[in-house]
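First, the structure itself, so that you have it in front of you.
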């Protein structure tokens, strides 16, 4: 049963959260996406929500997320508030039968994520799309297509690099997994079509805690139920830019993405080019494509990209990863039984 | 004075031409571009126009381009018909005060192109945007930004490669210039901010006319009024794919675009990747961005990208290029005095 | 005390082993290296040794390695026989005070390797150079120089890829470590200037034993006494070529070697180039440089490249690696106390 | 009839010229090349020749090149003196029947070069090898092999880039051709197996004479008797390093050499690597291989690499290039009839 916005009009979207990510999504819905408009914005900071909403005609600005869900003309909801606020917003939106685009993480804790999965399942129709934007990145899609086409044979290893310029001082050791490696957890599962069954963390001690107190980088090794070993270098304060690279080692060859050679210069004794400085730059096109696909999907009564189950699985593997990080041991991952997809 | 479509509604676009390019643009306006809709499609082939228009609600399908301009709900026009049909459509649209997006070439003959420039100038406001899509390609924009920022010093040479998989049998020697190198004529002028003053063609004779009767490839050398030498390799039947590469040699370094290293594989004794096979694939994102920018510009009463003057200059340089190709000599280019920009 | 060959004449070298590697070294000493000549060749197969020696003027051909050491004009010895034969040959050469170039492994078993180290130490002067040729590869030397110059800060991770086209049917699971990863054990120690303290092997089960009975590829993770984590992908039957790549992740950046982009082609829809098919091709220049450096070193009474201690350490870490492979557990490495360098 | 050095001894080489290039060759013959030794060095500067010769046992140091040719133990001669001194040395060495390795240019003026060709022809056996070292560069050899194997079909265009960090203040406009592009003249002839028939120079005027008075860079376009068009970017004061790149555009694909990606770093917002700063670094291996091949060839009574005819052809094309540079016109090249190869 498709959502029915006013037949001739655009999809009215309530955006929860007016921080960096939320404001970026508001701009996207307002300026770049056909067939949608921002009907309401909610954020606990009154000035922030006002400044984001004021440039958009007919957009309600509220501090209570539930008020945004109930604002006039709201057909769907985009959740870009901090992770701890997600569960309440998700359950409220599910309760109202609203299609949801939820920025990652779905919900930080596995148990809570499972409650959301079950609430959606009870409703009888798929309503939740989770914002793992790599699924909409052109290079990731090319790699996925190559693996799906079985051109290189069975994948056996996946090497991943996830490098950040720098992280905020409040970034914790655990967030290396739950906030950063969470992306690789999702993309490895998606690229391989497999679930993760165990995780172990190798932590260089040459990486004495830096100024932010982090051991950085770390090498996180996953095992999947298809027998693939996935290693992830997570680097939080690399100092040189934002890089996301993946190489699949398959039975008949390897395939690699993530090296931008678009613009190359020769200057002052060096050849090379610039490294993107953040994910909003690197994945700008992916974010655009993702939201456009979501608006289309909502109009057709379905979801796109990662599902609530994916959101739960990432939360469960992340929790095991934090345990592995703490103990240095191999930690098995046991997922709950998967509810039937509504 | 901005165009005033029905205040709350999308911009109604009449698309002239329902061939490969026209149909692609219809799909773009209908599916990918916010704030616009296809109000009418015109094409001399009744079945073709019907098949393109039938999937779009409220879209008129006509065989007469002028009827499309006058159809209900038309706020602007997108010309994607063959070049020889452009002049009449442009003048009719200018006469009606309609904003125009015109696929390249503006008009094939320089004299006719100049008539269009003058007709627009008389109208007193800019109405014509010409579809040289490279101006909207991310890599070209990065190169342009680098040159504009003067990071590498004065540009002195521009090396260009324009390689096609294969061209249609009806492709003529002259079309190597007027249809293909026309893109480099525009992009060199745009990247450098200079006009072209002379052209010479070096034609390998090892390139005996191939099955299509072409001498292929050719090396076209331009001079600009800023003293830059621009060499263009045009390859029509390369057999390996579609490649567009540009390298600027400046006073303090060089910069190069056009090497796609997004997905690299190791297989069967070789490292490397796939080459895009055509321009619709290579420049898909640029076409999207271009039309989106045009719709925005029309709403703000202005134009984007190449102007009618750019369209005229390309036509004039192309004509000199064909003469240079025929004679083997250096042919000077003399542009008409430039009318004041309306 | 430098070796004293006949003052004006070339260094007389006895080559032990006339297999693939030995024959290659014979050719090198005979044709490419200034100041040396092959004085004797030994191999248990009479026809093989005869065919290798017959083209060289004044070269003795024997089946007993000890006879080669005692042949007329022998000033130094190059050991290229199979690993199990090394210990006897090394001890005999040390006993005669002959400078030795020994192909890797020094000796397969750590205990035996240690006996060789001690025998050399007793002799009071350095006589053994071990043939880990990567130390003479231009790219490895550039990476080493970069790390030594501390341009990128403290190394924290080392990612290594070691990929073979195919291995012989007699290749065993353990040989993945002792024969192949042995190179990374040496090069990681050399690049970092650190000893390895523990090893763990992650074995994809998607890599069901292939036709040769190997689980392939495997991910071997080392820890060093400097706190660096080194991961090595070892791929035995990759099917596409021979690739050796290393990336160091340091405090202020990363550095990578091992991507040959020397000759790039565009053909039939693909850009890219050929992958070297074996180590003799990939490291041809390194082998040349290595032997040339050895001849020079012998003339100056010293050794080059890896020492007998390096040979021992590689044997000890390899043995731990085989244990780690068998158990799936992290296995600590304990090296014997290091004798003073003679 | 092979040269007969003392049967068991090394080839005695007289090196003429003890400047940068000559000293480098002395070091090479002395240290890196098997089967040869420096028997004499000549240079008009007494201190320079003394300092180069003093470290070599039994090496005569003279100021008169003819005295070097006649020194004891001289079996062959290596000419590394300035171009204007070549003719006299070449004729004297030919007169003595000595094998000659002559650094480029053979002789600067085409008429004089032709006299040398004829003098060698009269002698009845090939004695002259000319030092165009690119013929011994691994990448150039791979490209040559690819073209010879006809894998890509008939070559039609050759794009060349020849970029220098900076040239000496005494470098003249004409030297851009005679000293620098001379390398491309030889390598294009060699790669294609064709003679050059015409040349034209496109000179950017945005390249106002720099501090050295040069118009720099320039685009030199050659035609060959096989109908290929060869364009060469010559850049004298590029400021970023030494780069030599060649791309062949053939009937079924393209092939490119000259991009060093051996060591790549990520640092401070940029990916990339270092550019070699000079030709001695970039072509170090080629110089080694070249001299080693020459010593081998001399022992077998033959020559290697470029012949005296190649030296003459480069001189003749260079002279036409200087004329083209001066006039801006297309200048045909007419070579003398080629004497039978002795």
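What to note about this one:
Per-chain numbering from 1; labels A, B, C and D assigned in written order.
Quick note on the criterion: contacts are C-beta pairs under 8 Å (C-beta built on N, C-alpha and C of every residue); 3 or more make two chains touch, one makes a residue touch a chain.
Predicted model only: the values in this text are computed from it and were never measured.
Counting hops only between chains that touch, subunit A reaches subunit C in a minimum of 1. When the interfaces B-D and B-C are ranked by C-beta pairs in contact, the top one is B-D.
Of all the chains, the one whose CA centre sits at the greatest distance from that of subunit A is D. Inter-chain spacing, taken between the CA centroids of subunit C and subunit D, is 37 Å.
Between the Cα centres of subunit B and subunit D there is a gap of 45 Å. Each chain gets a centre from the mean of its Cα atoms; for subunit B and subunit C, those two points are 58 Å apart.
In subunit C, the residues that reach two or more other chains under the touch definition are 163, 238-240, 252-254, 259-260, 264, 266-268.
Considering their complex, residues 163, 238-241, 243, 259-260, 264, 266-275, 277 of subunit B touch subunit C. Residues 154-157, 159, 163, 200, 202-207, 216-217, 219, 221, 223, 226-229, 231, 233, 235, 238-240, 249, 251-254 of subunit C are the ones that touch subunit A when the two sit in their complex.
Considering their complex, residues 31-36, 138-139, 142-143, 146, 151-152, 252-257, 259-268, 285, 292, 296 of subunit C touch subunit D.
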